[in-house]
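One chain, subunit A, appears in both complexes that follow, with subunit B as partner in the first and subunit C in the second.
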Partner chain A sequence: MKLYSLSILYKGATKANLLKAAYDLSSFSFFQRSSVQEFMTFTSALIVERTSQGSRASVKEQEYLCHVYVRNDNLGAVVIADTEYPQRVCFTLLDKVLEEFSRQVDSIDWPSGNPETINYKALDIHLSKYQNPREADAMSKVQAELDETKIILHNTMESLLERGEKLDDLVAKSEHLGNQSKAFYKTARKQNSCCEIM
Partner chain B sequence: MCLWPSGLPYCWVFFTRKKFLVRVTSHGVLKMAESEEEVDVLVQRVVKDITNAFKRNPNIDEIGVIPCPEARYNRSPIVLVENKLGVESWCVKFLLPYVHNKLLLYRQRKHWLDREALVDITCTLLLLNPDFTTAWNVRKELLQCGVLNPEKDLYLGKLALTKFPKSPETWIHRRWVLQQILRQFSVVGRSRKQQQQQGEAEQADGERSQQLSDHLARTLHQEMKVCSDAACRYPSNYNAWSHRIWVVQHMAKGNFKVFHDELSSMRLWVSMHVSDHSGFHYRQFLLKELITELSQTPASTTTCSPQHQSSTVPSVNPHHHSDTQANGELSGAEAAGEDERQLSLTTVLHLFHQEMELCSDLIQSFPGHETLWSHRRHVFYLWHQWRREHQHRCSNNGSSESVHLNNSDPGLTEVGAQSCAGRGESVNGQRHASEPMEIDRAPLPDPRDSKRLKRGVLLPAPPGLPCEHSFVSSILDRCSNPEQRRFALAYKKWLDTVMGPQP
Partner chain C sequence: MVKRRKVKETFTLTGDSYSVVLEKLALKRMLNFNAPPLKNTTAEPVWKVLIYDRFGQDIISPLLSVKELRDMGITLHLLLHSDRDPIPDVPAVYFVMPTEENIDRICQDLRNQLYESYYLNFISAISRSKLEDIASAALAANAVSQVTKVFDQYLNFITLEDDMFILCHQNKELISYHAINRADIQDTDMEAIMDTIVDSLFCFFVTLGAVPIIRCPRGNAAEMVAVVNTVELESKLRENLRDARNSLFTGDNMAAGQFSFQRPLFVLADRNVDMATPLHHTWTYQALIHDVLDFHLNRVMMEEGAGAEPSPAGARPKKKSRKSYDLTAADKFWQKHKGSPFPEVAESVQEELDTYRAQEDEVKRLKSIMGLEGEDEGAISMLSDNTAKLTSAVSSLPELLEKKRLIDLHTNVATAVLDHIKSRKLDVYFEYEEKLMSKSTLDKSLLDIISDPDAGTPEDKMRLFLIYYITAQQAPSESDLEQYKKALLDAGCDLSPLNYIKQWKAFTKMAATPANYGNSGVKPMGLFSRVMNTGSQFVMEGVKNLVLKQHNLPVTRILDNLMEMKSHPETDDYRYFDPKMLRGSERYNITPLISAIVFVVGGGNYIEYQNLVDYTKSKQGKKVVYGCSELFNAAQFIKQLSQLGQK
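Take a look at the complex of A and B:
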């Protein structure tokens, strides 16, 4: 049961803009962490771009689940967890974080902000507190608030893409992924797993 | 990192199809590697780099491969950062076949390698491919003739497991090394006894034996750490968990403090890995061992276990023994034996009760995990079997079983019934509001329990069919998760068909 990343993004007209992110990559091999982090950022942005306003979705990719919520005001958040972590708690976390963020950061700064300029520090605290979903005290109360049938479930990342679009191409074109991460993606793809690269 | 002062550069391009090496010279011109010897020198340099990295930093705690399809800089492919040793991926594909062949040639007696070279080559080889049995076997020989010490090999295995947490050969070799250490330990123990018989027990010898047992305790602790790390790196890591079982069986034989500690420290782990069947299986193993020990004949229990019990079972009042004697209810050894037996039974009941509570709590908090349901099945089955075997010591009062006490307290069955009713409540979800969840702490005894204990009555609610049925119905009543419902129905069916026809 693990949360890997929690990020807040602004969904622009064509691209999603990363505003703030927190990561817990301690369970990954040391030399893979930087690549894994780049991929989580890349994936989070892609998912926000492909999710319509006012909707919640969960995207399954190998042994990970990416949960996304994009609000009507274009502010979105993504949490990447393993498949064991309760989905309901993830959406509580997203609601809570977005609500807090929009209270603390002026909406004028959203479209052009970046992790350096945005002053919001609670993300790391939330990520570590929610590692144990029971301490987060979110288990019981959410049930009523959240209609689980409204969450869209995608079984692969591919199902987010448009006709003719390929994930491999998006990875190759991305400016945010370094060469090492692209190499990492290729080997991981060959092995059909993110953790084994030899 | 380190640039090469002169001579051959590290930058290689490897053409897999043509099967020969081409190197980039300082002028940027592609040039074929001239001879076998040249390759030889280069690979040996990488092997030496690895050896030197271990000499430079004895605290390396992880190995890994750095994704890097081709060499971009003229530097060693061995990188050392913050106690982590990395190998750039481009060099693996020529390094591995080379060391592999070299070792096989040595094994076939076609090529001589001295001991130092053997140590270095097997180290490189096993870090890249720890399932290569021959390399471990070469190390076994080196260990037996004293070139390597057991700790070195345990360390190498530990590092290999950071990259390959399942590697069966690594776990197998580990057990062999641990057996060597145990043998060493038992030989020293025996020689010490002989000396004592001859009246020559020296203080120095006693110290040495103390050192050895400390050493053994440290090794045990370290093994547990290695197992936990591997279990965290790879979900349902069967190899790691069965190694852990082997370790407690062989290195903590009869030491039930270790078993109790393991059981309580595993609580948090399983709560955070609710679909890891191997982890729960380990818990089932511990439970079974503890219960078997506690249920042994009273004579053996009296002689060997009071110390464990008072030190490890939190719910047992250590003064219980003397209290009852002071009350003069029974006298002498008879009372003591009866007390011990009662204590054991109570502890067994406690263990079952706590395990079922943990299981209920996890099933309710994390719906839809089959592992939790099969754990419940297993624990309930264990209880069922245990009760059948010890029926002569238990009286069956309908829904609630109670321990047959020597002083037939009229409140006894009442307590049992109350506890069972309490369970029913918790099943209906009212418990969450009133009681904090106990996950990361050792379970504390209920204050009411200790009061009862002083009166000589301590009864946790034993599991029972009616309780199980009401648990299942409560899940079916309020859970909409389809998986959870399916598991609950399957459990109910199992109860009816397998557990149903009980007396």
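Take a look at the complex of A and C:
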């Protein structure tokens, strides 16, 4: 079981703003890493944009599960994991990280911040520690608070989109994706398969 | 004074010598003390000793036979790191990599005064500091005058065919598909791999005497190789401009002159663009030999004497002997049939055997006639006629003997291949995979083949399944996948390659879909008829006589697009590098290109090579050379995939 990325974003009025992110790309080969990272950022941002305030969701895409929690103050976090990793532990992690972040980083910086300007260093450590889910010592605490029926489950990325909206367009417009990643996606799309890079 | 000279190529090109026989010429010149070979010389070659390391051995052995070495005066050839006695009156030609170990040993040889004179040839360029080490050792041993020449040969690649080369055989795991694609690789590892690959490619272009136009895809190892290679070529060209004496790509080089109008196209492809072909069961002779027998550096190793002969009670069982056969350029049958479909090969060996027997009978007949004492009037008058015939028969005996040797060779090899085909039902695999790769309708279920205990080894089944998975438009459903996995496990397969292929498929460009394997179509022509007669060496009963329609595999298709300047989404985005343009690259190539080198980073195989050869044959006047970072057969490739799939 594995965690691939952990990101903190601010849910703005029209788009999500990436504040900080940590990645574990060690299971991807050398030339895949930069594209994979870009797509994880893109996906995390899209998910936060399409998740309402005060809700939690899990989005399944191919071999990956993206878990998101957007708080009522519009601070959100996304963790991308494999399908084996226990869902409950992911939400524990998201809660914990958001709590810590909001204590260390002033809310005035959230709408306009970016990974370079935001001063929060613990994300990499959390990601690495939680690679082993038994680290989630506060599991029992979360069990009490978390009502699983309230976690929305999406079976694909596409179910996040609005009617008439196309993933292709979003990819093309995204500022998180470099030209190469966009090119990858374009070719993958042509062959009738979903964006399988994630 | 130790002189360091860089090699200048001054060979003449014959009509079809856009080929990697250039390496052979370079080697021959080196063995002639780096003087151009004198034509039509009746003088005896100077006797000399050849000292090589394993790299040098791998380069020389596919190109020069022991006989050819002897013709050039090599009386003795020895490994560098072996115990060697002094031979004080004989010159020694060294052909080794400039590694620290090798340099130390050379210095030791100098100190021990082993030979009369030393011609030091380094496979790739030696560094200045190592050169100084040799100079000091020579000085200390008072042997300076004996170090006659030191050369950078720029021959760090292995030529297997006129139109095929690989980078190395020793230590190939350092630049293998696994090494390049493994997840835990560090930046420094990748740098080292790139340096190794580019060093060899650079040697290749120096030997060829041409600066290519480079095309590569984006975002993978092939691109990285292209970039590093361009930088290397660019910087060496700039050096050349500054120091014309030491230039590697001089203008007076006839080869360079030839290529100034039509520079070769150098296409870099990444193994990941086509993962099905290296797993494919094949049907052509050379590729089959590489797949099912122990074949490398043009040598087949086989076990013989494994017949089911009953041994008398108490007698020791007949020991299996290992035989090795060299498949060379001089073997006409091999040159003609190495790319032929196997049934054709079997038929042709049979034909050769029949022809040989007829010739042998003719000789026997003439010999028996000559045995007559002359009582017969008719016999005497026939005599003079038959003397002529016998003379010609006798003089053709060496030819006949050689022919017999080759027929035996190919009979043995083809029989061994046929045994594999029959016991594993390789024709079934071949046909099914062709259908998968060309998206034709399938007449059997995949599950049936996997579950059939008589068809193929577990590895064969895994290969088939991986090809199915790779070429499938839609990934199989969870339940289907579970069914397949169970069947594969029951058949004894190792599923770890699948883990890697799943990840590969999820990431990679889906451009290499089944449609792009071309419309191959395999036409079965019914079961064998002719070769099924009792006199045949090859009982092809039950083996389908499949004929292949020409189709382009992905790498061939990429080359075709680029060489013919066709627009295609797969190659439109390819990068363009011209090392001669020192500032930026503008394209000015409007004419279609006539020569190309296709190099697959991450490994290649004979199926891909054969496909390119067939393609080139269909294009008048075009020359294509195939190269790859390593050569593997399906078994070796699957092993690497398995390593990559271990979690």
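Note that the second predicted complex is superposed on the first by the 180 of 198 C-alpha atoms of A that agree within 3 Å, B and C clash if a C-alpha of one lies under 4 Å from a C-alpha of the other, contacts with A are read in each partner's own complex, and residues count from 1 in each chain.
Note that in this section contacts are C-beta pairs under 8 Å (C-beta built on N, C-alpha and C of every residue); 3 or more make two chains touch, one makes a residue touch a chain.
Since the model is a prediction, treat every value here as computed from it, not as a measurement.
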Q: Could you tell me if A:Q180 is touching subunit B, subunit C, both of them or neither one (first, second, both, neither)?
A: both
Q) So, A:P115: does it touch subunit B (first), subunit C (second), both, or neither? A) neither
Q: Look at A:E84 in the shared chain and tell me whether it touches subunit B only, subunit C only, both, or neither; answer first, second, both or neither.
A: first
Q. Is A:M1 contacted by the first partner subunit B, the second partner subunit C, both or neither?
A. first
Q: Please indicate which partner A:S29 is in contact with in the superposed arrangement: first for subunit B, second for subunit C, both, or neither.
A: both
Q. In the superposed arrangement, which partner chain does A:G12 touch: subunit B (first), subunit C (second), both, or neither?
A. neither
Q | Residues of subunit A that lie at the interface with subunit B and also at the interface with subunit C | A | 27, 29-32, 35, 63, 180, 183-184, 187, 197-198
Q. What residues on subunit C touch subunit A, complex-wise?
A. 180-185, 190, 218-221, 224, 473-474, 502-503, 505-507, 509-511, 513, 569-570, 573
Q: Over in the complex, which subunit A residues touch subunit B? Could you list them?
A: 1, 27, 29-32, 35, 63, 83-84, 86, 132-134, 139-140, 180-181, 183-184, 186-187, 197-198
Q | subunit A residues touching subunit C - in the complex, by the definition given at the top | A | 26-32, 35-36, 62-63, 180, 183-184, 187-188, 190-193, 196-198
Q. So in the complex, which bits of subunit B are touching subunit A?
A. 62, 64-69, 81-82, 84, 86, 89, 92, 128, 162-163, 232-233, 235, 271-275, 365-366, 369, 432, 437, 439
